[in-house]
Each structure stands twice: as C-alpha cells, then as structure tokens.
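Both of the next two complexes hold chain A, though its partner changes from chain B to chain C.
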Partner chain A sequence: MITRRTKAEERRAYLLLVLPAVLLYFAVVAFPMIFSLWISVSDYSGGQIFGGSTPVRFAGFSNYVRMWNDRYFWISLKNNVYIVLISVFGQIPLGFILAYALHRNMFRAKGFFQTVIYLPCVISSVIVGILWQTIFSPYGPVTEIMQFFRPGWQNTMLSNPRTAMIPVLLVMLWYYTGTYFIIFLANLQKIDKEVIEAAKIDGATEWQTLRHVILPALSGVIVTSAILAISGSLKSFDLIFAMTGGNPARRTSVLALYMYDTAFRGAPNYPRANAVSTFMMAFSFLLIIITKLVEKRFGGKEE
Partner chain B sequence: MKTIPLTIEDPFRKKTYRWGRPLHEETGLVSRLFFGLILFLFAVLSIAPLVWVTLSSFKTTQEFQMNRLGLPDLWFFQNYPQAWQIGNMGTLIVNSIFYTTVSTMAVILLSMAAAFAFAKIKSKATPVLYGSFVIGILLTIQSIMVPLFLMANAVNLLDTRLGVLIPYTGLGLPIGVYLCTEYIKGIHDSIIESARIDGAGYFRILAKIVFPMAKPVISTLAILNVLTVWNEFMLINILVSREALKSLPVGIMKFSSTLSSDYGKQFAALVIGMLPLLLFYLAFRNKITEGVSAGAIKG
Partner chain C sequence: MKLRKLTMWMVLLLLLVFALVPNLIAAEPITIRVLNYLDASSPGAAREITEIWQRFEEENPDILVIREDQFGEPFHHKTEAYAAAGKLPEVLYVWPGGRSATLHQKKLLKDISRLLGDERNAFIDAALEPQAGGYLAMIPIGLTASHAMYVNTALLEELGLEMPKTYEDLKAMVAPLRAAGKDCIIIGAQDDWVMQSVLYSMIFGRLVGDEKLYEFIEGKAKFTDKVFVDSLRFYEQLFIDGVINRNAMQTPYGEAPALFAAGRAPFMIDGDWRAGAFLTDESTGKALIPPEKQKKIKMTVFPAIPGEINHGTSSIVPAVGYAMSAHVPDGSPEEEAAWRLISWLNSAEVQKIRLETGAAFPTRKGVTSDKLEPLAQERAEFYGRISGTHVLDDKLPPEICIPLNIGLQEIGLGLATPLEVARNVQAAYDEWAKSNK
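Coming up: the complex of A and B.
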C-alpha cells in the first residue's frame, strides 16, 4: 500500500505542519533560554552583543557569586520560601477542604459556592494587588475593623519591614486557593461514588472515609497540585509588584522582583539578572524532584 | 458485591431551604459544622473585597475618608467617566482584547497543526521536537525575559503590537501542543486512514476531520490562553512603554502610584478593569472551571 510517493508526501506534510510552531517556539522560548544561560556567565553590560566597541567576555561564575553575596538575594529567597509554604500548606489543604465540603453535598447552593470561590482567580493579579494595598493601608477598611475591636490600634502592617510579608501572604491565600479548589472538585467527581457508599455502609465515619478512601485516591492530584504550587510560587511577581513593589526597604521582594530590579531598574545588570533567573529554574526543578521523591517514599497508594 | 444506595426520603427536605441543611444524612453534625463554617467564611471573604470596592467606587474621595465601610450616602457616578478618561480605559480594553484574541487564535492554529503531525504522522523527529515542547511547560518566564527584551530591541520590535504578539503566541505553544497532541492521539487511526484512502490530503483532514473532532480541547486551550494572556503583566510591561499599546494590567498600574490618594477614581478604575474578565467568567463559568482543572492536571 505505502508507495514511495505517499512516503514523500507524508514527510512534506509533516514538515509543513510542524515547522511554524517549531520555528516560533525555538525563536521565542528555546533560543532565549540558552541565550540567558550564556548572558549569566558573561560580562555583557548593554549595547551591541556582537561587533560592539567593547567585546563581551566570559566571566565564569562571578555573577552567581555576586548574587550569592547580596543580602537582597537572600531576603527575596526567604520570601519565596514563605510563599511556597503558604501555597503547599495553606492553599492546597484549604482548597481541598472547600472542594470536599461541596462534593459531599453537605450544603445547598453548590453552584453558587463554586462560582463565588473561584471568582477571585479570574481577576488580574495587578488589580488584586492594588485593591488589597488599599484594603490594608492605614486608610483602608482593615484599620477600621481592627479599631472597632481594639481602639487606638495603629496600622503599620505594610510599612513595618518585619510584618509587611503577612498581608502579602494572606492575599495569596485569598487569591490562589480557588485554583486548587477547582482542581480538587473536578477530581473528586471522578472518584466512584459506590466506593464511598460502600465504606459508609460498612460503618466508616466521615473522617475514616476521608482518610482511607478519598485521600489515597487523590494522592496523584495532590502531588500535581504541589508541583503547580511550587513552580507558581517561585514565579510570583505581578501581585507583589502591584501591592508593595517589594517595599518597605525591599523586605517583601521575591526572586522574580529581585531579578526585575537588577535588570530593569537603575543601571541594568543583565548578567546578574540572568544568574538569578537561572537559579530560579534550578531551584524550581530541585523542589519538584524532592516532591516526586516524597511521593515515592510515602505516597504511591493509588493504582 | 453490589451495594444498594441508601436513599432515605425526607418529607421535609423539599420544603426547607435553610443554608447548611445536610443532604447526606450520614454526615455527622461536627463535621458538617466544621466544613460549613469554612465554606461559608471563605465564600464571604471571596466576594467581600469586590463588593466593598464596587460600593466605594460610588463615593467621593471625601465621603470615603469619612465612611470607609458603609453604603454610599449619596451615589456618586462621576468617578466612572473620570477614571475612564484618566486611565485611557477604552484604549486599554481594546488593546487587551486584541492581544488576547489574536494570540489565542494563533496558538490554536499552530498547536493543532503541529499536534496533528506529532500524533498521526510517523517521524523520527517527533520524540525530540515534541519533548522540547513538553519541557517548555515548566519554563519560568523570568528566564527568557532579558533575552526577549534584547532580541526585540535588536530587531526593532520594542513598542510594537507584533513585538507583543510573537512572544505571547510562542509562550502559549508548549501547553497548547501538549494538550492537542494528547487529545488527537485519542482519535482513531482508522478515521484518518479511510480519509487518506479516499484521497484527502493531510491539510484537508486536519481542517475537515480533526478540527471539528477536537472542539473540546480547543475550547480548553482557548480558555487557558485567554486567562493567561489577558492577565499577563511582567513581559508586556518591559516590551511596551507607549501609552497607545498598553494592555489593561499595565495601564491600570497608573492607579497604584500617581492616583493612590484619589480613592474614588482608583476604585472606579479597578471595577472597570476587572469587569471584562468577570463577565467572561460568569458567561462561561462551567467551561472555564473545566478548562482550568484539565489544563492544570495535565500541565
């Protein structure tokens, strides 16, 4: 059946179909990735890269060393770790509890709750940031509410470097929990209802069913959510950029913001900025690998 | 063993509409209280800030300073036309719609074409090429931001619409190619083979058979891409500085700094800014939640 002509036609069709996407992808994603690695080990300081007046030289790992010795790098990294923690141990459990409550049909108005809980997630993070900045500001409603309970309370939450991260983390909990809620809700619906009914008939309590039937069935989804949360947390930028700009005194900075400041604010330092972004990628992969290992060690009850 | 579902008919159930009434009789009171409280609290907290900002947008700045929590005494609508004008909201919304629709259509077309080839035409190149797309899903945008900026600068694409559309389309491809390939793999080979025997070329098959069959994955992909592109901020913030080309998230930053003490207008701008996507969500909420969970699990 397959003649040489159809083979040739097949190859031509494959090429034509694949080429536009591949070319664009390599130009916009794959090449810049490699380019970024190269900048991070160079002494490039703006201007023409090839044939400029000052040639670009290999600088070894000096940019990484300078990044490592910068205290703002460590402040940013610490904040990123807080964000990872609030997503893995805050957003995911809360999202699960909300999804479980709805799924077990404990309450009426399921559609209403579902719509409302996911609602914050569709608003631009920049708008969310500006909105909450005002809410937490000394002129905002949080002050008013707190002063109702504790008269004379001074709102320094966002201006005090020691506490400024707390409102940010609370907003992240508010903003991103809906995503995990939706993921868990969709996957809870895939669990066979009869299994749960059978457990109930055998006399299992709500908690026992949850612990021994539902959670094991969802372990794969939990790991995927954790990976999503980790890579998402390391990327976070817009919300903080709009809400605090990394201030006060750069105490709410995160790696992405540190990288942005290094590259685009003041005198541009592209090599160090790319050292930071390379570190972010590596750190993200490392955490994902750890998550996978933890899954192998403790999970794996599914299938 | 077959289990018979236990359904106890409750004669009062249809008449009572109290919140928190249990439908599953076997759920204990304590767990119901626990779950109910969290659910109710979180739902209230989810919309309270949005209700608050909407109400406050109808107050003058003076009134807001006296009355930060309550209903407006006097409904003041002037904030809206003023915010619209100061913020250039019309331009921002049109730009956002433009970037979103064009890049989404491009992502769908390119992803479907490549995915069809990856899934249904045998080639030794597939593992390498397809694999490189899948790796791209884990990419952090920060790691290509500086190169993209330098490249756009080198080819004079900074501050142009094309300079925004090209990276937006490219960045949508990894998840797009992945979702479409996995979906098209599920279409039976026999359907495509019989079309081939009838003399149809690959492009015809793609247009007439695969596209119509792939509608579910296309709508998932479209939704994911619309949400991402509409809300994207970091990249477009460095690629575009001309007022006329800004998207909604970039343009609305103006209300964070320069106008932060003019609360009435700031709130009106925020409401205008979130309205398009909220309407999109309310219109397609089931599709959107489906799409988000499908995209997340596979990605």
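Coming up: the complex of A and C.
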C-alpha cells in the first residue's frame, strides 16, 4: 500500500533526478533563447551588459520593423526557403530513392555506391565550399568545359540574381543527400523481410510494396528527416559562407549569414541580429509544426 | 655547542634561499594574447612566422605570446566578436579606421603616445597621424595605396598594344583583347569591400575629391548630388564598355593574382599589397611570377578619367598596425610586455623583412634592402610616382560604407542604377546621422 508519505518521497526523488537535466537545459538552451529575445528588443551596442558605462534600454520592436523593411532580409529568407525546398523535396527523396535502390539490390557494387554517396558528408563543409567555389568560378572548370563546347560562353551563373542560388543548391543537394541516404538505408534494413515477401506472395507489385508496406513503415523516419532538413536548412551557414560569402551583392545570402553580417560586419548591430535569430527560431517552429500536421494527416502508422 | 647550532641554522637558511631564488627568478612568463592578420598562403608567410614571431619568442622567454592568426573577413568578424564580448586580446592588428572603426570610436585601444616617447622621431609624419578615435592608437607598419593597376607589359607587347594613357585608350583595347580571348582588367571582387577599396575610392578621388568627401560626412552635401551620382555612372560605364567583366563579382579575391600571372588579362586592379603575392616564397623557392618575368610587370594607376579634377591619383591610407587593448593597465608588466612586442613589430628589422616579402612599405625612416625582387623594387618606386586621395572606407562610417559596397556590386551586376545606389547611401547616411545626434 502506497502511503501519502511514500508518494511525496517519490515526487521529491523524481524532482531531484530531473533537476540536473532541467538546469542544464535552462543554461544552454532556454536562457540563451530568452536572452536573445531580450537583446532583440533592447538598444545594446556591445561591451558590458550589466553595470557598463552605457545602460542598456528597452527599444521596443524597432529592430524587428527595420529587419522587416530591409530588402536583404527578404532575399535571405527567400534563399532559405529555396534551401528548405531542395532539402525536403530534393535531398530526402533522392536519399530515399538511392537507399531503396541499393536495399532492393537494383545495383551491383553496393559497397562502392554506399561509400560514394556518403563520402561528401565526411568532408569539411569549408573545404567543400572552397572546392565548389573554384569549380563554379568564371575561370574555373565549369567555364572551361562549357567553352570547349561553346567557345565564348560566359559563366554568369553566380552573377545573375535569377541563377545565383542554383550552384549553391546543387552543392547542397550533393553534399547532404548522403546523410538521408544513410538514415533511410539503416531504417530499410530494420523492416522485416518476411513482411515484404508476404506482400510479394500476395501478388503485390514493386510499387504496391513500396506504397503500402515500406513507405508507411518509414513515415516516422521521413518526418524526422524532414524536421532535420528544415532545421538544418534554416541554420545553413558554413558552406555558403565558404562558397560565396553571401555575395555577389548579398544575392546568395541566407538568414544565418544575414544575422552574422548584421552582428559582426562593418557596423555591428546586435539587437537586430538577435531579432533575426528570434525570427529564425519562430520560422523553424512553424515549419516543423506544419510537417507534423502533414504527417498526422497523411502519414502511416508505425506498428 | 651554541655556535654549532647557529651554523646549522645558517646552513639550512642558505639552502632554503638557494632553493627558492631560482624559482623566484624563473617566475611565470607574462602571457600576451595577440589577434594577428596573416594570409598563411602568401609567399611571405613563412618568413613572417619564423623571422618575426618565433624570433621574438626566442629572444623574450619571459613573455608567452598566444597568437591567433586570421585572414580576410573572418578576422574582422572575430575582432567585432571580441570587442562585443569585452575580451579584446592585449595586442591586436588594426586598421586606422574603416573595418576597425568600432575599436577606435569606442576607445577600446590604448593611446600609445606616452609609450612611444622620442621613438616617434624615427617614423615618417604620415604614420603619426591620429586614427579614427582622434588619438594615436598604433603606428602603421606601412603605407598603403588601396588602388594599383598592375600591367603585364609582355602581354601588351605580344598583342601589339600600348600602355593606355586615357580611359578612351583603355576602352579601345577591349575589342582586340576579347578577340584574343582575354579580359581587359581582372578584379577579384566577390567580397563586397573590394570594388570600393581598390577601384571606386580612386574614381571618387579623381572625380569628386577629398574636400567634397568631408562635406558629405558633415552633411553639407548629399550623396544624391550630381557629382556623386556621376562618379557612380562612370563606374557603371566600366561594365557597359566591357573594361571590367561583370564576372569580376563572382571571382574570388584570392583567385585574381593567379589569373593575372597566367596572362588572362594584361591588367589587374588591386591594392599595392598584392605585389607580395607574386614574389618568391622562400620556403618553397617558388614565385607566382618568377623574378626574371617580374621585370615586365609594372605598377601604375588607372588612366585619365574624363572630367577628373585630380589627375593620376590613387587612393591612399596609412596602413594597418599593431595596437594595444585599452584594458591593459598602465605601468603593468602586461603593458611592458605588450609594448615590447609592438616595438619589435615596428622595428627597422621587421619593416625590412616586410619590405622584402612585399607585405608592407616601411613607415620608419631609412629602411631599405638590397634583397628586393624586381616587383618589390617596382612597388617601392610606385609610391614616388603617385599622389593620393582618401580610401572611402577609412573615412566613411561602416553604416554608410556597407550600402555603398553592396551598391557597387549591384551596379556592376546591372541590378541597380547609380541613382538608386546614391539614394540608398543617402538613406543610410540619414539614419546614421539621426542615431549619432
């Protein structure tokens, strides 16, 4: 029989056990978020925050308004949306198709393809950025190959605002597909082969097996991958920083780079940079909620 | 008996003293953190590290130097991050204004006049001018022309072309160069500061001038005035005429010297510091342009621009130098150690090394070398041939300079008109002026 005292002791024990994790979470996640939110509505201009010579004052939402009215913010946001789209509708499907094809033994030399597809993921993003910067340079290999076929061809891909993001998106597709490929391959291997064989015996075609057996079994993984892709896309920074630095004329900038430029470039504006980071956080939550709703509506049950 | 006891105590005391004294003498070295700007891929990098930094450490064992080398944009970002966090290193590499404006304006650097004393007489007058904070925070390690036009005279001869004297001459070269599969001028302007620093500051100096620049800064003139818009129009014309390929905006800054050395164009526009990229790297014995071919490379300035009010000018700025963070207490051992390091970095010996590697042109009087490669010699002579106007990012606050930098890229890409950029710059000025009232 559980007495009231035992229950109280139990509660205390739970609280004690949870407390370190809560404190750690508060210190490294919650506090920086709240602090960033506070900076974004202040007039902080660097230096000592508490007890400094210039007191930090509340500045309302002026930083959000200025961010909203800055056209480079919209260019960066648009580019981030492109990256989210290429991640969710490019990297994930491609990663799945490649994993499925290898898992179903549609190719020979499985080990070789597995290595080749995953290889970009183990290279430093800065190296990848510089490598592709050289490849897409107006005097680089892409230009030379094209000029071999069409003499006089000018490589204006990165200097044309309409096409400037294409090389960046291609590199992102090449670089990150391997991650989803490995996730899907590992999860495909977890599906009971007997279930697939049973479907085949019942006369299911390859497409029907995929549609009614494999995809529902992987719906949770797809959603997790989508969440990873969305959050990863919104914090894209290193690869683009190394490849284009957000240029020319900020046409390949993304929100993280825009935030970084606002905080550390030329005339540092920390409140506005924090306003950008707060927006990124909210936008990320919104996209993840949409993903969860889509999964709820269309996803299969993992049972 | 008493004497024996006393002697024993004396011996023990002496032993104790002998045991402690070496420890007292070999006290912990004073730690000095340094944020240094270094292009590790430059030919002079090996000498910079071994002959300047390592040598100082060997000769000053009582100072522990913790050096952080950064280059390009990451350097500036790191500086701003340190400044924001209030954790500036004791010694740091700074610009006289421009990208280091925050450090000067917020007085985060120490006034070194007291420490410099009579040593100031060893430097040329231009090096002793106060920086953006209104006081002397550093001695520039060199003087810099942010605009220089490098000319491959061998390529011009090969193509039957002559050194252009006017803009029209230069424009006339575009067609024959294009027929030969060459560009006219190479500029690695993917980073947005490049066009403003190495080209437009010179155009502004020629067509608008320093006097008007001060009027803009004081609000007595507007950036939408015809004279400013016209200077942007001339800049735009360079792209329309094909003198500069729009691809310059997607050419990485670091790629330009290799393209110029490979003969992709007879002209390259960059800062004078780029001469160092072509010199021999002593660690490998290799040079982007070997010394025998360097004789055919000339350094000059952009040809005469129609309507210019200043003729044959470049844009000049007292160059970078080493400053001490203001948080180092006066008269402390840290100040003494940091100043010893800064004095070494400004010494005649170090300036001579930098002259030889092409890293900087000396600010100390009488520093010279008989080991100069032809292009380093050419660079030394280049200063005698030019006069200069201001580099814009040295005078304009970053709040105004950044929209100008981006605007110059937009004009080059055909994304904005000169008038639109002028309006954006004026809007940035108005906002800056309002917040600084």
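Here, the second predicted complex is superposed on the first by the 267 of 303 C-alpha atoms of A that agree within 3 Å, B and C clash if a C-alpha of one lies under 4 Å from a C-alpha of the other, contacts with A are read in each partner's own complex, and residues count from 1 in each chain.
Criterion: a contact is a pair of C-beta atoms (placed from the backbone, for glycine too) under 8 Å apart; a residue touches a chain by one contact, two chains touch by 3 or more.
Treat the numbers as computed from the prediction; the structure is a model and nothing was measured.
In the superposed arrangement, does A:Asn155 touch chain B (first), chain C (second), both or neither?
In the superposition, A:Asn155 touches chain C alone.
Should A:Leu85 be classified as contacting the first partner (chain B), the second (chain C), both, or neither?
Once the two structures are laid over each other on A, A:Leu85 reaches no partner at all.
Using the superposition on chain A described above, determine whether A:Tyr270 touches chain B (first), chain C (second), both, or neither.
Once the two structures are laid over each other on A, A:Tyr270 reaches both partners.
Between chain B (first) and chain C (second), which does A:Gln133 come into contact with in this model arrangement: first, second, both, or neither?
Both: A:Gln133 reaches chain B and chain C.
Which holds for A:Ile39: it touches chain B only (first), chain C only (second), both, or neither?
first
Once the shared chain is lined up, is A:Tyr260 touching chain B (first), chain C (second), both, or neither of them?
In the superposition, A:Tyr260 contacts both chain B and chain C.
Please indicate which partner A:Val294 is in contact with in the superposed arrangement: first for chain B, second for chain C, both, or neither.
Once the two structures are laid over each other on A, A:Val294 reaches no partner at all.
Between chain B (first) and chain C (second), which does A:Thr244 come into contact with in this model arrangement: first, second, both, or neither?
A:Thr244 contacts chain C only, not chain B.
If you count the residues of chain A that each partner touches, which comes out higher, chain B or chain C?
If we count touched residues of chain A for both partners, the winner is B.
In the superposed view, which residues of chain A touch chain B and also chain C?
133-134, 139, 260, 263-264, 270
For chain B, which residues count as touching chain A in their complex?
Result: residues 3, 5-6, 17, 19-24, 26-28, 31-32, 35-36, 38-39, 42-43, 45-47, 49-50, 52-53, 65, 68-69, 110-111, 113-114, 116-118, 121-123, 125, 129, 132-133, 136, 138-151, 154, 166-167, 169-171, 173-174, 177, 201-203, 206, 227, 230-231, 233-234, 238, 248-250, 252-253, 255-256, 260, 263, 266-267, 270, 273-274, 277-278, 280-282, 285, 288-290, 292-294, 296-297, 299 of chain B touch chain A.
Help me check something: in the complex, which residues belonging to chain A touch chain C?
46-48, 72, 133-134, 136-139, 154-161, 244-245, 247-251, 260, 263-268, 270
Of all residues in chain C, which touch chain A in the complex?
Chain C reaches chain A through residues 73, 76-77, 80-81, 83-84, 86, 99, 101-102, 106, 190-192, 245-247, 249-252, 255, 259, 264, 397-399, 401-402, 406, 409-410, 412-413, 415.
Across the complex, what residues on chain A touch chain B?
Per the stated touch rule, the residues are 9-11, 13-14, 16-18, 20-22, 24-25, 27-33, 35-36, 39, 49, 94, 97-98, 100-102, 104-109, 113-127, 129-135, 139-141, 144-145, 174, 177-179, 182-183, 185-187, 194, 197-198, 200-201, 205-207, 221, 224-225, 228, 231, 234-235, 237-238, 241-242, 255-256, 259-260, 263-264, 270, 273-274, 276-278, 280-281, 284-285, 288.
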